[in-house]
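My questions all concern the structure below.
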Amino acid sequence: MINEYLLLSATLFTIGLIGFIIRRDLIVMLMCLEIMFNAVNISFASFSYYNGNYTGQVFVLFSIAVAAAEAAVGLAIVLALVRITGINHSDEITGLRG
Amino acid sequence: MNIPQIPLDFNALIPEITITAFASIIFLLSLLKINKSLLVWTSVIFLICLIPLIPVFEGKAFGEFFLNDFLAIYLKITVLLGTVISLLLLGSYIKSRLILLKESIALILFASLGMMLLISARELISFFVSLELMSLSLYALVALRKYDKRANEAAIKYFMLGGLSTVIMLFGISLLYGATKSTDFIFIVEAVSKNSELSLAGLSLFIVGFCFKIALIPFHMWSPDVYEGAPTPVTAFISTVPKVAVFGAFGRILIEIFQNYHIQWSSFLIVLAVITIIIGNLLALPQKNIKRMLAYSSIAHAGYIVLGLIAGTQEGFNSVVTYMLVYTLMNIGAFTVVIALNEEDIENYKGLHKFHPVFALSMLIFMFSLTGVPPTAGFIVKFNIFLQAIKAGFTWLVIIAVLFTVVSAYYYLRVVMYMYMKEPIKSPNSFNHRELEIAIMFCALGVLILGILPIYLI
Amino acid sequence: MEKVYLLIPIFPLIGFIINIIFGRFSKIKTINTIAVSSIFISFILSIFSVYEVFMGKTIEYNFYTWILSDDLKVSFGYLIDQLTAVMLIVVTTVSLLVHIYSIGYMHGDPGYARYFAYLNLFVFSMLMLIMGNNLLQLYFGWEAVGLCSYFLIGFWYKKKSASDAGKKAFIVNRIGDFGFALGIFLLFISVQTLNYFELFPKLLGLQGQTVNIIGLNIDLITLIAILLFCGAVGKSAQLPLHVWLPDAMEGPTPVSALIHAATMVTAGIFMVARLNPLFGLSETALAIVAFTGAITSFMAATIGLVQRDIKRIIAYSTISQLGYMFLACGLAAYGAGIFHLYTHAFFKALLFLCAGSVMHAMAGELDIYKMGGLRKYMPITYITFLIAAFAISGVPGLSGFFSKDEILWFAYSSPKGYGKILWLLGTITATLTAFYTFRILFVAFHGKFKGDTEVLHHLHESPKVMTYPLIILALLSLFAGYFSVSHFITPVVGEGVSALPHEEEKIVMAISIFAALLGIFLAFYMYVLKPQLTESLYMRFQKVYKILWNKYYFDELYNYLFVKPTLWISRIIVEKISDRKIIEGVVNGIPKLCYFAGGKVRNLQTGYLQHYAILMIIGVCIILFIILST
Amino acid sequence: MNQIAVDQAFFIYFYISLSLLSIAVIASRNIIHSVFFLLIFLLHVAAVFLFLNAEFLMVIQIIVYVGGVLALFVFAIMIMNLKEELKHRKFVKFAGAGIFSGLLFFTVFYGYIRNIKLSPEKPLLSDVNVLSSILYSYYLLPFEILSLVLLVALIGGIIIAKKDPKEDK
Amino acid sequence: MHSEHERLNDYRGELRKNLLISVLASILFSVLIIAFGGWANNIKYPILSTLIFFPIVGSILILFIKRQNEELIKIATLIISIVEFILSIPLYFSFDKTITKMQFTEEYLWIPRWGIKYALGVDGISVLFILLSSLLTILCVLVSWKEINKKIKEFYISLLLTHSAMIGVFMSLDIFLFYIFWEAMLIPMYLIVGVWGGPNRIYAAIKFFLYTFIGSLLMLIGIIVLYIYTGTSDILKLAEFSYPYKMQLWLFWAFLAAFAVKVPMWPVHTWLPDAHTEAPTAGSVILAGILIKMGAYGLLRFNLPMFPEATVAMKPLMLILSVIAIIYGALICLVQTDLKRLIAYSSVSHMGFVTLGIFALNHQGIQGGILQMINHGIVTGALFLCVGMVYQRTHTREIAKYGGLATVMPIYAALFMLFTLASIGLPGTNGFVGEFLILLGAFKSWKLMSILGATALVIGAAYMLWLYQKVFFENTGNYITEHITGYGDLNSREIVTLLPLVFAVLWIGFYPLPILSFMDLSVKELLNHFNSVIGAMR
C-alpha cells in the first residue's frame, strides 16, 4: 500500500507544483503551496503508518504548523505588495532581472 | 508502546536560550518609544559579550538532538559576528533612512537564533523547524521596507521560491524518514544503507533545499533579485550569515551521514558546482548594479565552497567552515561600503577614492580578498578549499575553478579600477556613521590579519 | 717592468675620460694638451716595448681576470711580440700624427672636446685589440673600435647622411661580428680556452674533426676559420660587407685617415695574422681569404676609377689595398700582408690627411672636378700627396713598392694552383691603383681651378700644425719600406712559402713596376694630355661606367634583399598579423567571449517568478536523474 | 468484504477525488471558488489521515487548516478585494512549459520511487497519549523552536501587513 | 617668463636641500639600525625579515602623514628606500661565497596545521636581485619626484609595498610563502600601472593583472599538488624528492605557466608592452627591473631542481620558444613608433636571452642568464628612467616627434648612449658579458639555437641605433624646441638617479667577476643537483 500512498502524494505534489508554476495569481500560488504541503503530509503520515512509529505523525504536526506560519507571512507579503502596487499577478512583477 | 526517553539537559543550549530571551525583550522594547540606535547598540554589545562565552557551552543537549561541538561553535561565532556587523549596518540604515522598522532588530536576532539551532540540530524535525525559523525571519526582513516596490517584489520572489524549496525539501525529508524510520541523525546513519535507493531519492530532494538557500545554479535565481531589492543591510545579512549556517548543516548531513554515498551525491554536486562557477562568474561580468554583481559573485563563491564539500572529507568540511568566516567578513564588508557610499550603480563609483580614501581602500581589500589574492584571507581559505579538493582527487575541477577565478578577478577589479583609476563624475551622496566605520574597519582588518596570520582559519 | 706597458692603453683611456666629462668646461688648449700628450706617452712607451721585443723578448702579462665561468676563463692582459710591436708602432705613430693634425683641422668645431675624447677612446680600443693576449679581448677591442668608428663617422650628427653612415658602419660590422662571435664559440668549445698561447698547441688536435651543420659535415678548423674571417670581412670592408666604408667618409677626414685607412680597418688582417696557426691548418679557409682579398681588391679598384669624390676614391683604394693584404694572408704570406699593412698605414693616412688639407682649404669641397691647379696654392700638400701617390702606386724606392712587390711575388710563386690567377688580378689592380691615384693628383692639383671664385680667394696652405704631420708621414712613406717587417715578424707568423727560385722575383718586380708606371702614364695621358678622351670613353662605355659609378649596385641590392624584407616581415607579419591579430586577438578575444556569454546567460534571468521555479524544477529533475544513473 | 478491499476502494476514491479537487483549485477562475475547493481538499486529506491511523492529525488538520489557514486566505482575499482575476488571463504565458516541467518531475520522481520496497512493519496503532508524551518529551526541542517560528510568523505577518501611517512617506 | 625661471630655481634649491636632508637622515638612521643589528647579532639578528618589514612599517608611517604635506612624504619615502638599501648591503659583504647552503636563514612555524613555515634565506642568486631591487627602488623614488603629482601618498606606499613583496619572493624558502609574496606584489603593481599610468593605463593594468593572475593560479595548483605529494612546503626539501615523470611534466607546465607569463616568454608576452608602456616611469622600471626577473628566478628555483627530467624533455621546446622571443621581439622593435613600447619589446627579446641561457642547462648558460637578468634590470631600468625624464619635458613618446636631442641635452644623450650600448651588448658594458655567456652556453647545448639567437645582436643594434638616431641626431624638431625649453638638460636629481646605473653598467662590463663568483657556487650546486638526478634516472 505504501507505494500507492506515495503515488497519491506525488500526484498531489505534482498538481500543486504545476498550479504553482502556471497560475498568475499570487494567492492561488500560495494555495498551491498548501496543496504541496498536504501532499507531503500524506506521505509522512503513510510512512509513519507503515514504519510503525510516531515520528511521522509528529512531523506532520510540525509541518502543518509551519505551513500555517508560512501562509501567514506569505499572505502578509502579498497584501503589502497589492497595497503598494495593486498588482497581484506574478508575471507583472519583473522589475528585478538581468 | 514504550516512549523513548531523553535526558532534559540543556546546558549546551544556554546561548540560544539567552538569545531567545534577549530577542523577545528587544522585540517588546521595540514596541515602545525607545531610541533605535540604543536598541541596536544594546543588541550589539549583548552579542559581543555572548560571543566569547559560546565555546564554554560545548557539549550536547537533549540527548543527541543538539550538538555543540568545535565546528558548531566556530560556525556559531561566525554567525554571531555576521549578525553583529549586520546589526551595525542596520543601525546606521535605520538612522538615516527611517524606513526600516525597529522590529527588524528582533527579526535579525531570531534569524540568527534559527541559524544557531540549525547548526547544532542533529535531528530532522529540529533541523526543519530551525530552518523555517531562519527563513521566515528572512522573508520578513526582506519585506520590511514595505513601501518600496522593489523590496516587495524581492520579498515575493524570495518567499514564493523559498516556499517551493521548503516543500521540496520536506518531501525529501519524508522520503528519508520513510527509508530510515527515524529522524534522528544517529539512527539515520545506521539505517540509511538498508533502503539506500529511497534514502538517496530523499537526499537529493533534501539537498535541493540546501542548494536553494546557498544559491547554487540553477536554484540561484532568487538571489540576485532579492539582493538587489532588499534593503542593503538585509542583503548583507542574507548573502552571508544564513549561508554560514546552511553550509554548516549541509556539510554535516553530507559528510557525516551520507559519507558512504559520497560518489552518488558528489556526482551531481560536481555538476552543480561546475555550472555555478562558470555561469555565476559569467553572469557577474556584465552587471552594472554593484549589489547584483555581488549577488552573482556570491553565487560563484558558493560554487567554490561546494568544492570543499565535494572533497567529501572532514578536512574538506573544515575548509568550508573556515571559508564561511572569511566570506562573511569580506562580503559584509563590501556591502558595508555600498551602504556607506549609498550608491548602487558601479558607474558612480568612479573616482570615489578622492572622496573616501578609507572606504575605497577597504573596498579594495575586500575586492582582492574576494578574488583570492594574497595577503588577504580570501586567498588562504580559497587555497584551503582547493587543497582539499585536489587531495580528494578533483584536480580538474580545481582547474576550472581557477580559470574562472580569473574571470571573477575581472569584475572585482573593475570596481577597484572605477574607484581608483577613473575621474569622478559626481560627488557621492554618502553618509558616514560611526557604526559603518566600525564595521568596515573590523571587516577590513579581519580580512587582512587573517590573511597574514591565518591561525584561526585552519 | 712588464706592468709598465699597461699604461700604453691606459693613458688614452684617461684622456678619454677627462675629456668626455670635463671637456665641456675646458679650454681648447687643455683639451688638446690632454689628448695629444696621452697619446704621446703611449707612443713613447710603445717605442720602449718595441725595443724590448727587438731585443728578442716576448712580453705577456695578465692584468686581471675578466670573465670566469666554469671552464671559461678570460683575462684582460697583453701580449707584445713582434706582430704586436709592428702594430703598436703603426697605431701610435699614426694616431699621434692624426691627433696633432686634428688640432688644426677641427679648430673651431663645437664638438671639439667630444672629438678628441672619441679619438682617444679609439686609440685605447685599438690598443686593446692589438695588445690582447686572448681572443675575447681582441673581440672587445674589435667591437670597441667599431663603436668609436660609429661615433666618429656620425660625429656631425646633425647631418642625416653622417648619422646614417655611422649606423650603417656599425650594423654591417655587427653582421661580421656575428660570424666572429660564433667562431669564438666554436673555437672555445673545441679547445676550452681563448688565450693564444694555450690555444695554438691544441689546434693540431682538432685536425680532421668535423662538425655537423644542418646535415653537412664540415671540417671543424675550416669552419672556425671561416667564421672568424667573417669578422675580418666586416671590419676590413671586404666583399660582400664592404659597403660601409665608402659611406664612412662622412666623418671628419682625420678620422678617415686614422680609423678607416691606417688602423681599424686593418684589424682584420691583424686578426688573421694573429691566428695564423689556425688559418694555416685549413687550405680551404686560406683560399677563401685569398680570393676574397683579390676580388675585393680588383672590384674596389674598378669602382675607384670613376668616382669623383676625393675621399671616396681613397676609400675604395683602401678597400682595394686591404684586399691586397688579405691576398697575402690567404697565401700564408702573413709577413707580406703585415708589411703592406705597415706601409699602407703611412701612405694611406697621408693621402687622407692631404685630402683633408685640401678640404680644409676648399671649405669642405669633395668633388675633384671642382678643384684643379691646387699645386700652386698648396705646395706642401701637393708634394706630400705626390709622395703618397708614388708610394701607393708602387713606384720603386718608396715604401709601397716593397710591400706590394712582396705580395705579388708570393702570389706568383705560390705552390698553390691559383697563385697565378691571384698574381694577375693583383697586377691589374696595381695598374688601376696607380691610375686612379694619379687621376686625383692630375685633376685636383694640376690644370686650372674649376671651383667657385669665392673659394678661390680663400685658398691657402694649411697651418703648420697640419702640415708637419703631413711631412712626417711623407718621410715615413718614403723610407718605411726599408725596414723589412716581414722578416721581423717571422718568429710569429713564419716565412711565406714560395715554390719558385728567388731569381724569378726580378721578373715579377719588373712587371709590377711596369704596371705602376703604365697606370701613371695612362692617368697622365688622359687627364693632362688628352682630357677630351675621357668624354669619348665615357660615351663609349656608358653602361660599364654606370655600373661602376653605382658601385655594382651593392647598396641597392642589400636594400632590396635584406633591409626591406626584414622591415616588411617585422611590420606586417610579426607586428600586424602575429602580434596584434593572432596573439592579441586570442588575449582580447577570451574576455570578449566571456562578456558575450555573460550577456547571453543573463537573458535567462527574466525576472519572471515562474521561470525561476521552472528552472528549479528542471534542476531537481537533473539531480534525480544523475542520482538515478550513478 | 475484507479490510484490505475496503481500504483499497476508499483509497481509489480518495485518489481520484483529491486529484480532481486539487486540479479544481488551480483551474478555477474565481479565487473564492479556489478557496472552497481547497477547503474540500483539506477535509479529504483529513480523512486520509484517518485511514492512516492518525486521528489526532485529522483533528489538527481540520482545526488548523480549515479553521485557521483558510480563514486567513478568505480574509486576505476580502481585504484585497480582488476581482480582476475574473477579467484577466488565468495562466501565465508559458503555462505549457510549466506543465511540461511538472510532468517531467513527476515522471522522473515516480519512476524512481515506484520500485522501492520497504521492509513491512506492523502498522501503527495510534494512541494520542503516546503521541503527546513523545511530543512533549522526546520532541521538546523542536516543539519549543516551533513556538518561535510561530512568534516570528506573527511578528512578520503583523508588521508587514499593518499600515503604518507614521512611516508612510 | 622670468618668474617662471625664478620659481624653477627656487624649486631646484629646495630640491637640493631636500635631497641632502634625505641622504643625511638615511645615513644616520642606517647607522642606528646597523648598530642595533651589531648589538643584536648575538641573538641572531633577522636581517631578511628586517628588509621585508622595514618598508611595510615605513609605509604605515607614511600613511599617517598628512596628504597635503607632499614634500615630507617624498622625503620620508626616499629615506626609507635609502635606509633599506644600506641595510641590504651587509647581505653582500657578509655573504659567505664558499658555502652552498642558504644563508641568513630564518625559520618560524607560521601555519602549524599545514607545517607551513615562515622561512627566509638567500643564496648567491637571490642576493643579487635583492640588492638590485633595493637600488632600483631608490631610483624610482627619485624619478617620481616630479612625475607623480596626484595621489602622492598612495603612490609611494604602493612603491614600498611592491618592494617588500618583491624581495620577499627572492627570500622565501617556503613555497607557500613564496606564492604569497608572488601574488601580493600584484596588488600595488596593479595600482601603480592603473592609477598613475598613461592614457591607456586601465587596459594595460587589467591585462597585466589578469595575465599574471591566470599563470599564478595554475602555479598554485601545481604548488598544491606538490604539497600533497610530499607533505612539505619547504622549497629545499621539495627539490630533494623525485617525482614520477608524468607528474613532473604536468607540474613543469603548471609552474611554467606562472613563470613564462612573468618572464615573459613568447607567446604570452603581450601584457608586457602594454604594461610597460602605460606604467609611470617608476612602474616601468620596477616591472622591467625586478618584476619580470621573478619569472626566470622561479624557473631556476622550481622548474630546474624539482622537475629535472621534465626540464630535459622540454628543453628543446623551451630553447625554441626563447629564440622565437629573441627574434620576434627584436623584429617588432624595428617598427615601433613609441619610445617606451620599443624598449618594452626589447625586453621581450632580452628576456628571451635569459631563458635561452637558463634552458641551455649548463654553467655558462645559467650564469649568463642570471647575469643577464641583472643587466637587463639595470639597463632597461635605466632606459625607462631616461624615457621618463624626457617624457616629463616633452609629454610625448612618439619617436617621430623627436630629433636632435643631442644638441639640447648633451649629458642626457651621453648617458642614453651608454645604456643603448649596454642594451646591444657592446663589450665593456654589462650587456656583453651576459649575452656572451648565454650564447656560449646555448652554443654548447644546441648550436643552431645559439646561432639564431645571435642574430639578435645584429637586429638589436639596428633598432637601438635607429632609435638613438631618430631621437638624438639630425636636426632638432619643432616639437622638441617648443617643449624642451625651460627645462634644458638633466638636473642634478636626475643625474644622481642615473649615476649608480652608469656605474653598474661599466663595473659589470669590465669587472663582472665579483658578481659571477657570487653566484658561482649556487649555480654549480644547482647543476650538480640537476645532473645527479638526471644521472640517477638513466
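A, B, C, D and E label the chains in the order they appear, each numbered from 1.
Just so it is clear, contacts are C-beta pairs under 8 Å (C-beta built on N, C-alpha and C of every residue); 3 or more make two chains touch, one makes a residue touch a chain.
Model, not experiment: these values are computed from the prediction.
K.L.:
Starting from the defined contact criterion, work out which chains touch subunit A and subunit B both, please.
P.N.:
Chains touching both subunit A and subunit B: C, D.
K.L.:
Figure out the least number of contact steps between subunit B and subunit C, where 1 means they touch directly.
P.N.:
Tracing touching chains, the least step count from subunit B to subunit C comes to 1.
K.L.:
Centre to centre, using CA atoms, which chain is the farthest one from subunit A?
P.N.:
Computed centres place C farthest from subunit A.
K.L.:
Taking all protein C-alpha atoms shown, work out their mean, then name the chain whose own C-alpha mean is nearest to it.
P.N.:
Most central by this criterion: E.
K.L.:
Applying the document's contact definition, name the chain pair with more C-beta pairs in contact, A-C or A-D.
P.N.:
Result: the pair with more contacts is A-D.
K.L.:
Starting from the mean Cα coordinates of subunit C and subunit D, work out the distance between those two points in Å.
P.N.:
Computed from C-alpha means, the inter-chain centre distance equals 103 Å.
K.L.:
Between subunit D and subunit E, what is the gap in Å from one C-alpha centre to the other?
P.N.:
Once rounded, the distance between the two centres reads 71 Å.
K.L.:
For subunit A and subunit E, what's the span in angstrom between their mean Cα positions?
P.N.:
Their C-alpha centroids are separated by 65 Å.
K.L.:
So how far apart, in whole Å, are subunit B and subunit D when each is placed at the average of its C-alpha atoms?
P.N.:
30
K.L.:
So which stretches of subunit B touch two or more other chains?
P.N.:
125, 128-129, 132, 136, 139-140, 143, 146-147, 155-157, 160, 164, 175, 178, 181, 201, 224-225, 410
K.L.:
Which subunit E residues sit where two or more other chains touch them?
P.N.:
Touching at least two other chains: 210.
K.L.:
For subunit D, write out the residues touching at least two other chains, lowest number first.
P.N.:
Residues 92, 98, 101-102, 105, 109, 112-113, 116, 118, 121, 130, 134, 139, 142, 146, 149, 152-153, 156, 160 of subunit D touch two or more partner chains.
K.L.:
If two chains touch, include that pair; go through all of them.
P.N.:
A-B, A-C, A-D, B-C, B-D, B-E, C-D, C-E
K.L.:
Can you tell me which positions in subunit C touch subunit B when the two form their complex?
P.N.:
Interface residues on subunit C, with respect to subunit B: 591, 594-595, 597-599, 601-602, 605, 607, 609, 611-613, 615-616, 618-620, 622-624, 626-627, 630.
K.L.:
Across the complex, what residues on subunit A touch subunit C?
P.N.:
17, 20-22, 90-91, 93-98
K.L.:
Looking at the complex, which residues from subunit B come into contact with subunit C?
P.N.:
156-157, 160-161, 164-165, 168, 200-201, 203-205, 207-208, 211-212, 218-219, 221-222, 224-225, 263-265, 267-268, 271-272, 279, 282-286, 407, 410
K.L.:
Can you list the residues on subunit E that touch subunit C in the complex?
P.N.:
207, 210-211, 267, 269-271, 328, 331-332, 334-335, 362-364, 367-368, 404, 406-407, 410, 414, 421, 426-428, 432-433, 436-437, 439-440, 443-444, 447-448, 450-451, 454-455, 457-459, 461-462, 465-466, 469, 472-475, 510-513, 516-517, 520
K.L.:
Considering only the defined contacts, which subunit B positions touch subunit A in the complex?
P.N.:
Residues of subunit B touching subunit A: 124-125, 128-129, 132, 136, 139-140, 143, 146-150, 152-157, 159-160, 163-164, 166-167, 170-171, 173-175, 177-178, 181-183, 224-225, 228-229, 287, 292.
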